[in-house]
Structures are given as structure tokens and as C-alpha cells.
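Have a look at the structure below, then the notes.
Per-chain numbering from 1; labels A, B, C and D assigned in written order.
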Amino acid sequence: MLYLQEEIMKKETIERIRKFTEDRDWDQFHSPANLAKSISIEANELLECFQWDEEHFDRQAVQEELADVIVYCRNMLDKLGLDEDEIVNAKMDKNEAKYPVGKAKGKADKYDKL
Amino acid sequence: MLYLQEEIMKKETIERIRKFTEDRDWDQFHSPANLAKSISIEANELLECFQWDEEHFDRQAVQEELADVIVYCRNMLDKLGLDEDEIVNAKMDKNEAKYPVGKAKGKADKYDKL
Amino acid sequence: MLYLQEEIMKKETIERIRKFTEDRDWDQFHSPANLAKSISIEANELLECFQWDEEHFDRQAVQEELADVIVYCRNMLDKLGLDEDEIVNAKMDKNEAKYPVGKAKGKADKYDKL
Amino acid sequence: MLYLQEEIMKKETIERIRKFTEDRDWDQFHSPANLAKSISIEANELLECFQWDEEHFDRQAVQEELADVIVYCRNMLDKLGLDEDEIVNAKMDKNEAKYPVGKAKGKADKYDKL
């Protein structure tokens, strides 16, 4: 797989997401629980792109729904004062321990079935 | 709200996520549809942190489940060759048009009810 | 497809579900919103049975997770004083109108794309 | 709580759901995995009724989305040849054992935290 070079969200984009919420005075609705519901709701709009046909999907719709999930994740990071890089690395530590290469390679089993 | 300064995921972290998948030969399981399911599944593990009590949640569990959602979003960006910054900005263009400040300020209504 | 004859949930089973909640004094947690979250959470445990392999699933796990979804749906019907038969028929009226046989036959398109 | 007397889905309604699918030749799309996705998608449309405000919800919308979840659950029962009454009772056996009244009464903790 060839990966894109310009793959990281820019600081300006994060600022734009924050300003969007602030300008609309929507922080009052952004409780952690409401944001968790919102992430699930958007994740399912993304899933709907693959509901009946997993091969021929609408790429434009996928991009938009995935972006919605990402924006709500950013809202939750902000709401809880979390550092994305830190929590992802902490979780990757756990994932690497739960799925050792020797056991997990080429298998889709859950860690407790390996 | 005071935001964290070090909030952007580092390139090294993105490389770590990619290497995790490659080392385990898991790219074969990462169809866009499977990743969409995975984002929804992890979003609901996050939601479970707020199932019966929305105020007193386990912050550690929230961080881990949110990180899982973010990692699968990264997997999907990579799988589809999408630039996170680009798709988020394209969606923010739409969101800003759908929810004009004058109409949406302080209201949680959906755009078609504004 | 051959359908089972004994397919309807018995009155005694509905009573059992209600008694389960009452005995544990759990009605206090069963707000409509909490039940909606619970239905989504259990639906995603069901979805997890098909996360990486849609053909070879654990039938026992599927039965249990599907039962969990059904039990929470029953809790919500009870909480809101809804008659299952009535709301399903009202929705089927709408579905039949939205997806006329002539247009929808053999197609998985959403009604607004037909 | 006062419960409705006429609460069980009628055999005719189950037949109506089956005929709806058959008339449209949609059984081909109803793989167990696709139905699991559909249950999650509809569960999240239900959840959306409670996204920002858990108290003032649109009762009509809730009824319709709940009905959609129930219809897809019926589709899955039919697809897998499952008896609703049987799988619900089997799961209630487990739930009653996992949450003994003495330990669980008045508490919303998960069984492994009781």
C-alpha cells in the first residue's frame, strides 16, 4: 500500500472545528455522553454506505461520513482535554501486547481466542 | 475551554499504526466495509462507558475506546488513500453552509428543522 | 425459506423480562435514551460476530446477542407503553408505500434512489 | 408501570414482514451479516432521536425507528431459522444467573463489577 504524504490534520483545521462549535454556542450540547452517541450515529451513517453491497460503494459519501466521525472524535478529545497522540500511543502499547506478531500474524481472531 | 497545545497525531504514530497492521499481515482483513463495521463496534464500546450513567464515567476506559475509534479511522483513511485534512475541510465547508451561525446559534436542531 | 411454526414470543416470556427488571429495581435506569443506547450497544455486539468474516460466524453467539437486542426492544416498548404489533404495522404501511414492488423488486437501492 | 395487554406481535404481522421481503425478492440481500449491519444502522437512527436532548424526544420518530429495529430482528430470526421465544428464554437464563437479585438490585454495574 502506498500512503499519502500529507496525511496529518493541520492545526488550522483543528482550530476550524473548534471555531465552528464556538461560533454556534454548541459547547453546551457537547457533553461526553452526547459526543459518544454522535460518534456512534455517524459511524452508522458510514456503515450504511456498505449496508447491502460492500464492493460498490459511494466514495464521496464514505469520505463525508468518515469526516463526520473524525470531527466528533476531535470534539471529544477537546471536551476531555485529551492529547490524541498520547492516547493513541497508550492504546497501541496495549494492542501490541495483546496481539503479539508471532501469534496474531494472518489471523483475525480476537486476542482471547489466539 | 482551554485546548491542549500538543494535540496533533505525530507522523511516527501514524507509521506505528501502519506497521502494526503490516507486521500482522492484517491488511487482508481491512476491507472498507470491515473497517466501517469496526468503527461502529468500537464507537459502541465507547458509548457503553455512558450506558447507564452519563456523569460518572471511567475516564481511562473512555480514552482507550476513543483511541480504538481513531485507529480504525486511520486504517480507513489509509485503505482508501484519503487525506484526513482534505476530507475534514471538505466536510466542514458543507457543515458551515448547512448550519449558518445566524440560524443555528444555541440550537441543537437538525439543519432541516432550523 | 421454510419458517418455524412456533415463532412468536410467549406472554410468559414477556412477563419474565418484566419481572427480571422489577426484581432488580432497574426500571430507574431504563430511560428511553438509556434503552436506545443499550439497543445500539447490543446491536454492535451482534455485528461483532460478523466483523472480519461474514460467512463463518458463531451461531451461538449470534443467538445470544440477537436475544439481547430483542429484550431491550421489549424494555423500550414497555417503557413507552407501545404495542409492538401496532407500531410494526404502522411502519410496514410506510415501507410498502416507500418501496413499491414494481420499482423495488430485486434492487437494494434506497427509496430516494429508486 | 402498567403494561399493555395486546402486546404480542400477531402471526399475521410476521407473515406481512415475510411477504414484504418475498414480494421484492430481497431475500438475496438478507445475509446474516447484512441484517446485523441493518439492525445497528436502525438502532442508531433510534439513538439519533435522543442525540442532544434525552427528555424531549419525537415520540412518532421513536416508534418508527424502534419498529425498524424490530423488523430487521424478525428478518434475522427468519434467516437463521431461530425461534424468538426460545432464544430469548435461553438468554434470560444466562442473565438471571449473571445478575443475581441479591447482588444486582438497584445497581447498574456490569456483572463483572458486582
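Everything that follows uses one rule, which is that contacts are C-beta pairs under 8 Å (C-beta built on N, C-alpha and C of every residue); 3 or more make two chains touch, one makes a residue touch a chain.
Every value quoted in this text rests on a predicted model; they were computed, and no experiment measured them.
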Same-residue or different-residue interface between chain C and chain D, half as cut-off: same
Averaged-CA centre spacing for the pair chain C and chain A, given as whole angstrom: 27
Between chain A and chain B, centroid-to-centroid distance (C-alpha), Å: 2
Interface hub residues of chain C, defined as touching at least two other chains: 29, 37, 40, 43-44, 47, 50-52, 108
Topology of the chain contact graph, where touching chains are joined (line, ring, star, complete, other): complete
Interfacial residue positions of chain B with respect to chain A in the complex: 1-4, 6-11, 13-14, 16-18, 20, 23-29, 31-33, 36-37, 39-40, 43-44, 46-47, 49-50, 54, 57, 59, 62-64, 66-71, 73, 76-92, 94-96, 99, 101, 104-106, 108
Partner chain D, residues of chain B touching it in the complex: 37, 40, 51-53, 108
Footprint of chain A on chain D - complex, ascending: 29, 34, 37-38, 40-41, 43-45, 47-48, 50-52
